[in-house]
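Each of the next two complexes has chain A plus one more chain, namely chain B in the first and chain C in the second.
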Partner chain A sequence: MRRSRAAYPWTWRVMDGLESLAARLWPARFEKGLPYLMLAPAVLLVGILVLGLVQIGDSSLRVLDTSTFLMSEDLTLANYQRALTESFFATVAGRSLLGSVIVTIVTLIFAFPYAYLMVRTPSSALRKFLLVALFLPFFIGQVVRAYGWLIILGNQGMVNEALGLVGVPPMRLLYNYPAVLFGLVQYMLPFAVLMLAPALTAIPAELESAASSLGANWLRTFRHVVLPLARPGLVGAGLVVVTLSLTDFAIPAILGGGSQDFIANAIYDQFFRTSDQGMGATLSLMLVAVGSLLVGLVFMLFGAGTLAMTGGRK
Partner chain B sequence: MAAASAERRGPRDTIAVSVRDVGMVFGDVHAVRNASFDLPKGRFLTILGPSGSGKTTLLRMIAGFDAPTSGEIYINDRPVSAVPPHRRAIGMVFQKLALFPHMTAAENVAFPLKMRRHDARAIPEKVERYLELVRLGGYGGRRINELSGGQQQRVAIARALVFEPDLLLLDEPLAALDRKLREEMQLEFRRIQKELGVTTINVTHDQREALVVSDEVIVMEGGLIQQKAEPVQAYRTPANAFVANFIGVTNFIEGVVAARDGASVSVSAHGCTLPGVAVGEALAGGDACAGAVRAEQIRIAPRAETLGNLDTLVEGTVVDAIFEGERIVYEVRVPGLGDQLFRVFDHDPVNHLQFSPGDSVCLGWNARDMHVFKK
Partner chain C sequence: MTGSRSKSVVIWTFVIAALVMLSAPTIVVLGASFTAGNIITFPPEGLSLKWYGAIAQASDLRQAFIRSLIVATICTIVSIPVGTLAGIALAKYRVRFARSIQIYLLLPFTIPLIGSGIGMMLVFGNMGVLGRLWPVGIACCVINLPFMIWAVTASASNLSPDLELAAANCGAPPLQRFLYITLPAVLPGVITGSLLMFILALNEFLVSLLLVDARSVTLPVQIYNSIRSIITPDLAAISVVFIASAAIAIAVLDRLVGLDIFLKSK
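After this line comes the complex of A and B, so read on.
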């Protein structure tokens, strides 16, 4: 008895049980349908999302009647006209777009050396430290972290106190554009590093040794070997960062203090402050369109293969 | 810089690489200990050893990827510890080739020329010349993953040679190829090396490759150099039991030295006295020792009379007969030597398999073919 248990661990018995259960629920002759069944939840979720989009599309064609606070019965493009002509929306859109581009560039520049060191360091202690430091902010959450920056960067915050010690008068470090960008970069860094690390792992260290024995110093090795081979990772990380920061809400709200609204903040205001569902829906759809355009542009420029999705890379 | 030293000495016996007491320690692993050797210009040296014997480590130190923990390496008479890899004129072919996947074959070959700032106008012609040298003329436009394993190998060689390095290093680049292609590439290496006259250090665990391609062989084991010799010498007169066992198929007879007279010794084992040749000065009467006889030095016959001219004769029973095509391997149990199994090569063009298991046979060999090592 004991011997047979050693030869056939209980985990195998559990798996056997599960398998026979699965066989009863899903007989072998349905085997061909299995992949589709597994696809079903994802299709369902995307389907619900599409339904939501249709609903939003409908709302975006109705204007708010300010006397009754009800949506109009007839359909009109007035919301789109307002969104495209009123300078307030142009300012917000410009601020978000420029911001997300700057944030993406700065984040990638910071994330690359971090990911490179994490992947290449021979010291496993350093690698673990870098990984933990990377994941720590995830546990804290975005809103709490933004409040943390309020404490650190506020007029009576640590930074201003430290500056005061060396005789620098208190500075306004919050509620401006740089503060929002700074907060966004800090928020995006882990995402970018996590996207870059696998791409860098896929580059054999031997290629860099080869480049150096062929006469390339580290800068030229980086320029001619590492950077081109890391492109899929850079494009992927860039896409994630640009879309996440373009659509971010909490950091512009908290670190911008209402003066540095991004598109998401404007949408929030339309839905929950002015209760103009129509305008909110219009802005949402336009944000989706801009985001999709951006992703499509990247695919056209670099090809979907650069995201290492075609499996063509060896 | 190199020209100055070339002037001082004759071009023939200029030392290209000199390794002096080089050691490498990783934590508590001594990957290489006290390695010393000189390699004259234009020679083809093979470092032969089992996996984990420190071959790659030694090669990486010569290439400059790792600094030795002790000792110094000289290339063209200059110490190179402080010289980074990209300033050494060394071409290296890596175990996994390390070709750049985002470039074509021609771009790979052009890479070292660009990095070393050769005249840009001369590059295309030179790349094509080296692709032709490795018999890949016209393949320059292919991407790396559009080439077969053997073709990738050739691109890697062309890339390592195109900038005319002082030294070519090969880290088991043939290990992954199938046997036929590997043997073809071994001859190819030899041809190219002779054609260009480039000093070459090749690393392998394949004893056949070491014997086929090299002018000199270094046998390594446990981070230590066991022997440095020309291939024939390494095979005929192994310096110790490890080398004898690693190169070729060798039978060991354990015993005690009964008497020694100059080079000739007699070994007593299981009540027999066997004549042999002593290896090393230290071997003296009464020492525990091992006599080594190669499988192809042993003759096998049905009766002792046919082997009458041999110094040592023993009787045994065939246990197994293995047909390997060009030769037959017999495993023979010898009761007179403690039931030891002997491996014997035979090739008999008439009766391919002249014995079968159970047959009684006689084995014989010459005294000069038994090398006796101290244990």
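After this line comes the complex of A and C, so read on.
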């Protein structure tokens, strides 16, 4: 008895038990179905999102009855008509679109040299430093970063206090359009650099040496060699930045102080201020359509990039 | 070589401007948390730790922080089995409709955050569970799930299928092969993914804002609600929690997979 237990440790018994349990729950002849079983939880979890979209679609077809504050029973397209005709929504949409285009251009102008230096520098310490400087704000979260900008740019903020020391009257640096755009640029920089870096890595440095040995100065090398080759990366980064800044909530809310609302803020207000769920849902669905279209375009043109799940090599 | 000098001058100008933009808020928040004054001024009125003492007393901030930790923990615990199984399935097996499933699983990234947040708010609202913490955890898990799956697939594709065949040849049944061969191989990916999930859930703002009520605010929402009134340094002190956790996460990530992986081209 004792000997046999030593020869067959209890861990093996446990494993055998589990093994037979697994075999009973999922017999070997279902082997083909195994990957689908493994995928099921993830599919179900993302299903919550799909369910959410369906609910948004349903709400968007109901209008708010202003006398009872209940949503109508019958379905209409009135919300969509309102969203497309009322000038308030056009103003907000125009502000967001123009903002995201400006943000994208400025972000790319700053992100390109950053990514270029990060990829080309021979010093691994500098490369690591640039990466850490990129990831730290990415992991800190938008609210804390916006809070930092409030401290720096506020009416009693550091910049104004410093200007006061040299006798310049305080300026209003926050709660205006440029402040929101500035906040968005700094929020988008890590995304843009991380999208650009792999594209720049793929460009052989020898091409640049070749161009300069043929007599091109660095500006011409950039213009005729590096930029055209980096175009997929630039377009990808640009589309990601456009989408993310178009749909951002926190930066316009905090640095815009309510006067510079983007689409996401208008949606939030429809739900929580005017309590017009139908209108809010309509705006959400339209934004989802535009946003998904843009991101879908990125994925179609470039694959999912670093987020590809096909298990590309590291 | 005046050409290369002007080139590095131009590049460094942009890089330094970008570095200032990226780091200024972090540095200022760090500095403000140590001020001795009552409001944040420049130049600072001396150093003190009194705001750290103040947040230790402030029960609303502390509770909000604990809630954020709970949300991040729920999110991570859910995402580990879900993301690991899905990641392994996509990397290891030949799945029919693999392309469609991948596109479907990328939905959390393609749908704008405000859309996902509103949708889940309606779903959880209909279920009558708004105001609890677990829906927030689940929601954070859903919107960041592609990160987890990506991390696992990346390490699973490094696993040679021969290893499992060899184990099977030695008589290991399926569950043992999974536990002793597959799982250890993808463990670095699982750890990287869970780290990302935890840190992103810890500072998730918009989805939290939509899903919490006054009794269940998480820390980012609490900070957001407070900075709209007067800016006091105790918020800076609590924000240092985020900065510290971000720094730790980066250090661990660098140790585990190396940050350079993000520079590689496909």
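Points worth noting:
We take it that the second predicted complex is superposed on the first by the 240 of 314 C-alpha atoms of A that agree within 3 Å, B and C clash if a C-alpha of one lies under 4 Å from a C-alpha of the other, contacts with A are read in each partner's own complex, and residues count from 1 in each chain.
Note that in this section a residue touches a chain if its C-beta (ideal position, glycine included) is under 8 Å from a C-beta of that chain, and two chains touch if they have at least 3 such contacts.
Here the structure is a predicted model, which is why all the values come from computation and not from measurement.
In the superposition on chain A, A:His224 makes contact with chain B only, not with chain C.
In the superposed pair of complexes, A:Pro204 makes contact with chain B only, with no contact to chain C. In the superposed model, A:Ser245 makes contact with neither chain B nor chain C. By the touch criterion stated above, A:Leu214 is placed in contact with chain B alone, chain C being left untouched.
More residues of chain A lie in contact with C than with the other chain of the pair chain B and chain C. By the touch criterion stated above, A:Thr104 is placed in contact with neither chain B nor chain C. Where the contact sets of chain A with chain B and with chain C meet, they give residues 212, 217, 313-314.
Residue ranges on chain B touching chain A, taken from their complex, read 63-65, 84-86, 88, 90-92, 94, 96, 98-102, 111-112, 115-116, 144-145, 159-160, 163.
By the touch rule above, chain A contacts chain C in their complex via residues 15, 18-19, 22-23, 28, 34-36, 38-39, 41-43, 45-46, 48-53, 55-56, 59, 109-114, 116-119, 127-128, 130-137, 139-152, 154, 156-158, 161-162, 185-186, 189-190, 194, 197-199, 201-202, 212, 217-219, 243, 246-247, 249-250, 253-254, 263-264, 267-268, 271, 280-281, 284-285, 287-288, 291-292, 295-296, 299, 303-314. Chain C meets chain A in the complex at residues 3-4, 6-7, 10-12, 14-15, 17-19, 21-26, 28-29, 32, 39-43, 78, 81-83, 85-93, 95, 98, 101-116, 118-123, 126, 138-139, 141-142, 145-147, 149-150, 153-158, 173-176, 199-200, 202-206, 209-210, 220, 223-224, 227-228, 231, 235-236, 239, 242-243, 245-247, 249-250, 253-254, 259-266. The residues of chain A lying in touch with chain B in their complex are 204, 206-207, 209-217, 220, 224-225, 228-229, 313-314.
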